[in-house]
Each structure stands twice: as structure tokens, then as C-alpha cells.
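Same chain, two partners: subunit A is paired with subunit B first, then with subunit C.
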Partner chain A sequence: MLPLYYSDMKPLSIKNLQTVAFSQIPSTEDYSEFSALVHELMAIESCHCVNYFAYKKNDALRLIMCIANDDSASIEVFGFSLNDDKLESLQIEACNRFEREIAENFDLSLLNHSWPKPLRTTSDDYPFYRDEDEEIHEVGVGPIHAGIIEPGHFRFTCKGEKILNLEIMLGYQHRGVEKLMVEKLMLSQKAMLAESVAADSAVSNSVAFAGVWESLCGFTARKELLYARTLACELERIAIHTGDLSAICGDVAYQLGNAVYGRLRTPVINFIQKWCGNRLGKTAVRPFETPYPFTLELVTDLRVILAAFEKDFVEMSQKIRRFPSVLSRLERTGIVTTEQAEAIGAVGMAGRASGIYRDIRRSHPYLLYQAGNTAVKHHGDVYARTQIRMEEVVASIGIIRSLLDSWPYNEYSHAKENYSPAADSFALGLVEGWRGEACHVAITDEAGRLALYKYKDPSFHNWTALELAVRNNEISDFPICNKSFNLSYCGHDL
Partner chain B sequence: MLSFALIIVAALVFSGIITRTKSICAGRKGPGLFQPLKDVARLFKKGTVYSKNTTIIFKLAPIVYLASVLTAAACVPFGGRPGLFSFEGDFVFFAYVLALGKFFCIIAALDAGSSFEGMGASRESLYSMLAEPAFFLILGSLSLMSGCISFTQIFSNIDFYGNILGLGVGIVMAILLLLIAMIESSRLPIDDPKTHLELTMIHEVMILDNSGFDLGLILSAGYVKFAMYGALIANFFIIGSLPLAIGIFALVQLVCAVTIGATESFMARFRMVHNPEFIFSLTAAAFVVLFTIINY
Partner chain C sequence: MKLFHTLSILFHQGKQYIPDPTKAEVPGIFRGRPVISTAAVDNEAVVDCCPLKAISFDGKMFVDLGKCGFCGICARQFPEKIRFTKDYKMATTIRENLIVIEGEDKPIEFGPKPECAKVFKGSLKLRQVSAGGDNSCEWELGATSNVNFDMGRYGIEFVASPRHADGIVITGPITKNMARATQICYDAVPEPKIVALCGTDAISGGLYAESEDIDRSFIDSHKVDLFLAGNPAHPLTIINGLLGLMNRKGK
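Right after this comes the complex of A and B.
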């Protein structure tokens, strides 16, 4: 179901978690041709850019663009060979950060770029946006923050208590994950790296890594693998969303919500620990196997935990929905309009709160997910993001219940065969973590070794959404706006 | 003397009771009643770190702040019995000696030159300024009611239990004073003392650079301030013999602390732009009290 292309160039259309030969990816040396196709695809409403990166092979730099089409459940992949040290900007807002990353990694100079700043390089002379007006003052927050959170520098330009502009400097957490993925040769090391990219999304990232790796190896996952992974993903979603709801209540100083949601999160993460030995779900998912069998006893336990959880969760959420004191803090705070969200390519929960129907579980099904409806809100404020969380938790409980009803017992086989990835291949995996869409891309060399691993965190797009959300808000409302997105620093910085 | 001693005793447990109430409401075990005192004791054992940018003002401010609160507490009477000192117009002295302490805190915050503290100082001064009319309207109503202009005379001349209107006005004024106390002590719903987010706080962000011994002084002043307002409110209800009066005093302090704790457990902080509206509504209510008394 390819759209009619006006450009001369035709993209390669692949499915989620599909492996293709690298040579199949069309490439051009004519930038205008490449740019025309990008613009043509990005103009389609159901299309958004999931990854845009550069791959250096034999001193030739190849830019690869991956655009997902939600209607046809396909990902359009195509490339451009750059023979210069200058990169002309596509001038598409949603590709801005990708271009900054490419320019930074390969020391290219960006031409006609609207925001040509470093992406992961922190420095004292970072070119912050400045306003010389005398009535305007700057507030710098971070990189060290009050509380146990990651480092990042926030520069507010304020007029009195009102934020006119926020600029965020990230990069303090850069660990070179993508490079380590290539350097570390053991599969267990790679799997461990994948789940450590952002520990709050350990499960969804290891599911994506396992999916990409198995796809490269031509391995078809057995039923019990799919069941266990889907369950782990949804448990992670419930746990983190509930923790975030607790933190949102904490930031508006609503102690009851803070305490109740905080208490509700504990049995869920404790259950994850009981299953796989780690409360964040690390080691729950590994390529080719289910390291920790999900037994009948665990199924029974989970049913009991969920029944108790759901009752209190629904009651607390109902109370918040009707409580003026909390609503007055959440409503009309930190608004991201649908137009803004679309322009910056917002993904996941934050995108859905701004009216963007974008859920990889539905549009590019993987594991046991099926096409269907997902919760969408249109106000784009903190309350919309809070409601999305409440509704997604309830939906996830439903998904887990239906999994438990048809759980495939006694299908565990620990057949450990040696699989190795195909040579000169390209595989792309999209997963919908609790925060949103994560994109994993793997490219192998002629010997079947990993040559490039690219990871894109949902925060990569959504940090811009936070910058937009706080404009014209009170500076005292920044923490609640920030918490409503709960973006990842290390996922962005890699 | 008795009044001052009782205020100090109440100050020892007031914050603890608030914290206990909050932890019971949240279903947590929570810290003990005397944890705030232990915190202060710990701070008093520590040294103080001063920023290179600060001057003598920054070092002076915590002492002036504590001294101002203690001086103000000294003129609070106990029923008909005067405080450590009493003179005509002492309630004006009371308000402005507190303001002096606050003024020093504010300029000390500006002295440190951090962008956070300037923000906190401007917020703190705004809300105290807005709360001032309500305080004076209440005290004005009291002097109008009694025809006297000192704390001791006011509270010894007015018998709130005399008639139903007197009791009603007394209770309304007590509630207004409690709300003013919550504003002045930077509690919910105006300020959130529990958060550690420098952008949302008011009082806490103003004293962000104070550490060790100085922070201990500021915290102790805060505890005394609570008990002092509690004592002022207790004065509305104190009657009879000494043991009964002390009983009423303790009960009122307990009710005040539990009210603050319960408020903080079951509601969220106001949006900061709504704070002035809330404080103005207190002034409006104080006007109603004043007019009721004029017509009476």
C-alpha cells in the first residue's frame, strides 16, 4: 500500500522488527532528491520521523532516514550519501535534533539550521538564548538538582514569576552506550547495556533489543516468550505510571495522592522482583529465552495483587478527578497544543495528551499487541497527561488480565541453540514503552558482527515539548510540568 | 513570664504535632514528636558555611530573626495576665518587630545574590505585606470592642463568652488569625514546606544558603512563631483559674497544630497567582468582623 511518490526516489518499505539486507536500502547522492522525499513523506499526517542517523562505512558517510507510517504499519527507509563536511538542514522541526546529533557526531557544519547548537556537549559557553531586556532575569537550575534526579541544566528567561523561555542543556549523562553496544561482543553484555540505557524503561528497551537481535538472527519467538514479554511491558507501564502519579501529587503538595499512589506502586514492583529478582524488571527479558519462567503460582499472585491494586487505584483517581484543589493546579498548566506537538514530532504518552494518536502497540503491532484504540486527550495540559496515565494503567490491567486468562503453561523449553545475526543486514525495532516510542536500529557488517547500533529514546523528541509547555507559565509551576512529562536524561544523552 | 514560658514549651512540640498528624493521615509511621527538636539540636552542633559573596548582613540575619520572634512572643499575654512586658499600643510593636526580623531575612537572601533566593525573598515579602491589613483589622476590631490598646487590656476586658455574638466574632477572629499564622509561617495552602523544589518554595528558598548553626536559629524561630500565634489565639478562649487556663491554652495549641497538619494532608497548594486572592479574602473577612463590631 505504497503512497504515490512524486519524487524520483522510492523508499524501502519495511515492517516493525523486520530485517533487510543493507544494500536494499535505496540511497542517492543528490541531496535535493533526498530532501524532496523526506518533505513528501513528512507532509502525510500519519507519518513521523522515528530515526535519522549517519553511518560511516569505509570512510563514506551514509545518512539514513526512517519514517514510520502509522496507517500502513510500515516504516519507510532511505538514505543519502554525504560527500562533504557540510550538511544542509531539512528545515523540518521534528528532524532538528537528529541533524544536531549527526553534525555533532561527525563534525559536520550545519547549513540553514534554525538551532545549530550542540546536543550532548555541555560547556560553560553554551550559546544560550539571551534577551538583553533590563526587566528580564535569568534563572539557572542544575545540573545538580534538589532530590535524587539526573543532571541537566535548565536556563529560564523570566519576567517576574512568568517564564518567557526555557532552554535545556543536556549531555551530562553521556556514557557512549551506542559505541559500547558495538564493542562488547557477548550477547549478555549487549542485553545488559540495552536495558541500562534508561533504567525506568529497562523492560521495553530490552524487549526492543531482543526483538531486533532475534530478527537479525531469523529467530521466531515462541508463544511463551511473547506472553512473558508483553506482560513485563505492561507491568512496567503500570509501575512507572503509578509512581509518576504519586510524584505529580507530591509536586502540588497533595499528600494523600502522593501517599496512596506511592503505596500502590510498591506491590507491583515487588511482584516484578519476585518474578525476575529485580524491581525494575532487569533480566526479565533476554533474546531467545525467558530466563525466569512465569509459573502458575505467579499467575495466581498477580491476580490477587491486581484486584487489590485496581480497587484503590480507581478510587484515588476518581477522587483526584473531582478534587478542585488539585485540579486547579493541573488544569491549563503546561499546555502543548496539537500543532506544536505535531511539529516537534512528540511521541508516546505526552503526544497522546496533546491529541496525537500515536501508539506503536496499535499502529505497528509487535509481541501480542493488536491494532485497536488507545486513550487520547486534546487539552495538552498537565491534567491531560495525568489522565492519560490513569487511563493507561487501567487499560494495562485489562491487557494483563486477558494474558493471564490464556497463559500458555508448560510450554517452557530452554533449547539454547546458537544463533548468529545475518551479515550486511539492517533491522529496525519500534516499541511503545511507558514514556513512548523507542527506536532501535542495528546494522551488521560482512562478518555478521554488529557494526552500528542506534537508539532513540522518546525523550529525544519530548524534551522540546517540555520547553514549549512551560512558556508563559509561572516558574513555580515548572516542577509539575516537568514531572508530568518525566523525561529521561540518560536515555537522551546515551 | 508565665505566658512566655508556656509559649516556649508549646514551641517544643508544635512542629512535631503537625508532622505526626501528617504522617498519621498518610498512613505512615512517621518521625517522633521531638524529631524537629532533634534536627535543631543536630544543626546547633554544626558549623556554618558562608558564601564568599555574603557580607555581615547575612551573618546577622538569623540572630535578628530569632530575636525578633522572641521579643514578639514576650509581649503576648496570658488571659488577663500580661506577658514579659506590656504597654499601650504593644500590638503595633508586635507586628513590626516581627516585620523587622522578616526584613533582615529578606535582605540577607538578597545579600547571597543567588537567583533562587531573590525569588523567594520577593514572594515572602509580597505575601507578608498582603497579610498585614488583615492582622491590623482584627487587632483594630479587638481594641474597638474593648476600648483598650494593649494586648493585656484587650484580652482582660473582653468576655467572649458573654453573648453569642461575642463568641461568634471571637471564633471568626481566631480562625482568621490561624490562617494569618499559616501564611506567616509559610505553610500550606500558600507555601509547601515539604517539597525540595527550589522553584516552588517561598520561605525555604529564601533561606537556601543558610546552613548549620544559622539554619538552626531560623528553624527555632519558626517553631516559636507557631506557638506564639497559637498563644495569641488561645487568649480568645482563656478564662477561669490558672490550671483551667493552662488546659485551655494546651487544647487550643493542639487544635491549631492538628488543623495545620490536616490541611496539609488533604489539600494541594494553591497556584501561586491565587495566593493574593486568598489573602485578600482574609482582609475582606476581617472587614466584616470590624463592621459587625462597629454596628454592635
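Right after this comes the complex of A and C.
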């Protein structure tokens, strides 16, 4: 159903992975008109903001808003020309971080913003939230953490053992991915950059990059390409979810779960390596081709691996579901309510654990995904996120089996033709990685070169969910809360 | 009953550990140390096909594993010239040893052990510093401690504080924002101490080498004791490299 617009401005409605001429995107110079349309769309339950960014062309700054409507499987795109060094806040919680990013990247001052702080600039005098109460103390953690984890600074405001507030300062991983995406001219370099946005989501991000690039080039992927990519995405989901379950068990000192899930991940990632030569699935997906063909032998192998995996995975998961000493640590810990999750625009697995039915595979189908059901939980606690992972792993096995049953045993032909992207175009791709929805946007210039590549990681929304989840929890429960989300630092910092 | 269930789960796992990580074979088409043949090809085209400029030509062809992204594009485009073997022993104490030369098919030389290796022979505790990478090397460093690779059996462990550590393992190209923290962490490690670089990003900056958001002054001003090549470095590469540093055999 297309919504009826009351605003004067009408958005451009596009599909996932569709390319349009950049000039088609409606734009206004009247901020109130733009703001009214954003508010109108965001008030619709099935709509959420997937990207909001600025694009500078010939010294003119264009703000572009992309709102996905899950009911109509469309993405509403529209813009606003900013002729000022001040940006008025939309005052929508879910757009909060996007506005901070725009202001930071283009040196704008934010007006009427509820949290006008840096996003990726780390400093000693970061304006952390402070409470002057005498009974309150602060705990600062990071940027380097106690384990083998990426860097970020966490500032806890505590009363006794209880966390009253958590604020996270990120940006330590900022290495200039988006800028390099434009500067590096070879397609192979761009593909590697897309892969290294966050290596634990290497497959889903390269699927999105390949999709966006192919869409810009007007290339329609062959069936066997789609099969291989869908399979790779689901293998990645299984591998990372299983590894995270291991880590969750580790954080509640449940050795058996830690060891069993940990070793169950190994055959899956070793299989990915067997196929493409890399345990994380780097190089499994490239635009226009499948660099390493998925052979009949691999099909047979995967069936055997999945059968053995599933048996042990289900057995272990059943044990945890009935094990009081583990459950007592997971249940009612780190709760994110549905209202909170909706307000901050939580996505993916973490959103679904808090009752938000949002899965790009279902709502904005790409590859071979079809509309259907996804597991949703309503408690929003660590256990809900654990259960979601368990259920998604089993569901992914099902998806892979049905792919294998109809596997196209065609000869793979490497792409020989040279495709080039259309000039002055805009393409947007949404994918549902294991963490949630990632949004890739590419804009080309008049010569068909990449002028802007904008990436949004699912963690971009979900870091706020972690900050909310730990409130009123004991500080000792922070690790399991953190692991239940397993958010990306490098994907956020870029 | 509950104990029985736990025991049956344990039993179902079988033996999972790799008996000897120095002799284990990796499955599938792992891209380890490449071999460059003497076949005549369009050398310029080979050099140009590399997204990371790891291939050079000067009378002979060279592949620098400190810059290589192990994407395999050269081997796919010029299979007669470059072939990747499954040799995962790509660790060395000398940066130049990571350069593979045309016509030579021999293991990467480990190089001389640092003076302090004697001290660490029985136990090596390391602090990991993640500084701007893509989380892949961190992922594999984590995997070295799982039940399959079980690096703990050699007394090698990642510890929670630099004060407990014998050295640091750096991953990622080192961003501007992490430069100071990296230095502080290194300074906090008591002497004698080692510095190891894990993965292409850490060794050469990789794709980010020319980015204005990174700061490699730490690498330029400190002696690096161990280079672990890979994108990411495979757990077996890491374990073998660290064992080499401790002057220990496997098993």
C-alpha cells in the first residue's frame, strides 16, 4: 500500500537495488517542507530510516533521506539543499546519529539537537554525560579492552554495582573507508574495501556492494550467481551466530556451551574456506562473477557437514534452554523494550529480539529470498537475543538445504565483458546480514565514476540499544549484554 | 539425569583438537605462500592486476606477502605464473623474508630469534591491540584459543592487561585515533617485550596505507619482532609464528 502524502513534497519511491538518475530525486530548499515529509513518513509503523546523509557537489550540500517502507517493499528517497552552516535537527530519535554524522563530516552546527556530540572524533574532553551526585561513581573502560576486541571507550555511571547510564565514545577504528571507496579506482580494490568494512559481515557486505555495482551497470545477475550468494550469506549467519553463542556461554562461565558452540563454528568456516579460500568468506562474492565455483563436490560436502552440525547444535541448544543456572544469567538481563527499540530504530536480530518485525530478506527481497516469516521475540533481554540466534541458525540450515535441493549445476562462465556504471545515477542496496540491515548507497558523477559511497552498518542504530540495555543492570552483567549484541566497531567507525 | 545429559553432549563432540598444529593440513583451497613460476607472461599486466600493489617486477617478479591481500586475483588471471600453496607458515622476524621471489619454492625463512626469546620459552603472555582493522585478525586471534587450535597448551595466552604481558600483538593499520593508545599500551608492558604485527593491514597498512586517517609512526619508531602474514592471518600461521618466537617445536 502506498501511503498518501499530505506534504507538498513527494518522495521518489524505489525498490531495493534499483538505480535511478540522480536528478530524479526530489529536492527542496525549504527545510520545513522536508521535515514535514520526514515526520509524516516516520509516523507510519512500517517505515524506518535506513540512511540519511549529505552529498557535496560543486560546493552545494544536498541532504538525502532514505526511508524504507516494509509494507510496500519500497524505499522513499528525497532530499534537501542546505545553504547554511547550520543544520536544524529533525528531533527524531532514530535520525539522531545520522545528523551527528552529517554535522561532523561537513562541519555544521546542529540546532535543537538532543545529543549534539561528536560521532567518530575521540578526545580527552569528550562531553560525557555526568551526574554530580556524591554517591555516584564513574567507570571508564577502553579504548583497549580486556579481551581480543576492537577499540571503543565505555563510560559507565554507576551507583554501587548498578549501572545508571552508559555512554560509548566510538571512532577509534575510523580509517577512511568511504573516502577510499571513491579514491581507489580498480573494481577489485573497491570490492576488497566493501569486504573489509566489517570482516565478520564480509559476505553480506560484498553481496550488497556487488548488487549496487551491478545495478549501476545495468547487469542482471545469472541464477547461479544468486544461488551462490544466498548460500554464502546464510553460511555466514550460521557461523557468526554459533560463535556468538559460544561467547555468550563463555561470559556466564558455562564451559560446555562455550567449547561446543566454539568447535561447531569450525567446520562451517572451514567449509567456507574450502569453497573460496578464506574462513570469513572474503573473495567468495565479487561483482559479475563467482570467483570460486560452487562445485558438485561442495554440494555433497555441505549436506554432510550440516547434518552433523545440526544434530549437535540442536542438542546443545536444548540443554541451555533447560539449564537453570545459565538461564538465570540470561533472562531479564539487558532488556531493551519494544518502545525503546522502535524509538531508536533498532534493526536486525537485536530489533527482532525486542519485538520489531524487521527483516530485509522478507520485506525488501533480494537474491533468492522471498517474503515469509522470521523469528521474533518480545522480551528484549539477553535470552531473547540468544534464542533468536538459535532459531535463526536452524532456519538458515533450512534455507541452505532448499537451495542445495534445486542447485543449478551450470557451467560457470567468468565475466569477460567490461561493464561500466551509468553516469549521474543513484543506487541503493539493503541487505540483512546476521547483525541486521546494512545500507549501501552509491552515487556516480557525469563520467560514470563513483562520486560517493555511503555505508550504514546495522550497529549504527544498535549501539544505542546496548547503551539502553545495560541501564539498571549490574556492571558485572555488561559482558553478556555486550556479547548478546556483538556490535561492530569497524562498521560504525568506517 | 542432568549429569548424564551433559556427559552425552561431551561424548558426542569426539576429539576436536588438532594434535599437532605445526603439521596440520588446512582443508580446501586455502591461499597460503604463493609460488611464482618462470613462465613468460605480460609482466606489467600481472603487476597491474594486484589491488594492493603487492606484486613488483625488476628483472624478476616479486610478491610481497606483507602487502598481499590473498584475494587470489593474480592466480586466477595468470594461473601459469602465480599459484598459491597451502603453506600457512608465513611468519618471520624479518620483514624482507615475506617477499616471495620468482622461481623459488621454499618455505618462508623464520629469521633469527629475538634476544628475549629465551625468557619466553615456557610461557608467552600477550596483549592484543586492535587498531583500525576490519576485525578479521582479531577473530582469528580469538580462534587460536578455541578447543580446536588450543594454543594455551603451549603456554601462550592473551591477557587482560599490558602489565601482565610479555608483548603486544597489533592488528589493523593503526588509525590516528588509536595511535596514542597503542603507544600507552606498549609503554605499560614491562621489559623485555616484543611487538608482533598480525595481518596485512598491520604489516603494511594494506588498503589503508595511503589513507590520511591512519598514523603509522609507532611502527616506524619501534622494532618489530614478528610479522604474521595473511588477510587475516590463519590461526595456524599465528601459532607457528609464536612457537617460532619461543624457539619451541610443536606437539
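Here is the rule we go by: the second predicted complex is superposed on the first by the 491 of 494 C-alpha atoms of A that agree within 3 Å, B and C clash if a C-alpha of one lies under 4 Å from a C-alpha of the other, contacts with A are read in each partner's own complex, and residues count from 1 in each chain.
Keep in mind that, in the parts below, contacts are C-beta pairs under 8 Å (C-beta built on N, C-alpha and C of every residue); 3 or more make two chains touch, one makes a residue touch a chain.
Remember, it's a predicted structure, so these values are computed and weren't measured experimentally.
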| item | value |
| --- | --- |
| Clash or fit, subunit B versus subunit C on superposed subunit A | fit |
| First (subunit B), second (subunit C), both or neither touched by A:254 | first |
| First, second, both or neither for A:139, with subunit B first and subunit C second | first |
| Which superposed partner A:196 touches (first subunit B, second subunit C, both, neither) | second |
| Touched partner set for A:328, first subunit B, second subunit C, both or neither | first |
| More subunit A residues in contact - subunit B or subunit C | C |
| Touched partner set for A:147, first subunit B, second subunit C, both or neither | both |
| Angle at subunit A between subunit B and subunit C, C-alpha centres, nearest 10 degrees | 60 |
| Touched partner set for A:263, first subunit B, second subunit C, both or neither | both |
| Partner chain(s) touched by A:478 [first = subunit B, second = subunit C, both, neither] | first |
| Partner chain in contact with A:466 - subunit B first, subunit C second, else both or neither | neither |
| Touching partner for A:37 - first (subunit B), second (subunit C), both, neither | neither |
| Shortest span in Å between Cα atoms of subunit B and of subunit C, once chain A is used as the common reference | 5 |
| Residues of subunit A at both interfaces, subunit B in one complex, subunit C in the other | 146-147, 256, 259, 263 |
| Residue ranges of subunit A in contact with subunit C within the complex | 120-122, 143-144, 146-151, 171-176, 179-180, 183-184, 186, 188-189, 192-193, 195-200, 202, 246, 256, 259-260, 262-263, 266, 270-271, 273-280, 282-283, 291-292, 311-312, 315-316, 319, 488-490 |
| Complex contact set, residues of subunit A against subunit B | 137-141, 146-147, 161, 249-256, 258-259, 263, 323, 325-326, 328-329, 333, 474-479 |
| Footprint of subunit A on subunit C - complex, ascending | 5-6, 9-10, 12-13, 16, 26-31, 49, 51-52, 69-73, 76, 84, 127-136, 138-143, 146-148, 158, 160-161, 172-173, 175-178, 181, 185, 207-208, 210-214, 231-232, 234 |
| Residue numbers on subunit B that touch subunit A, as the complex places them | 22, 25-28, 115-116, 119, 188-189, 192, 194-200, 264-274 |
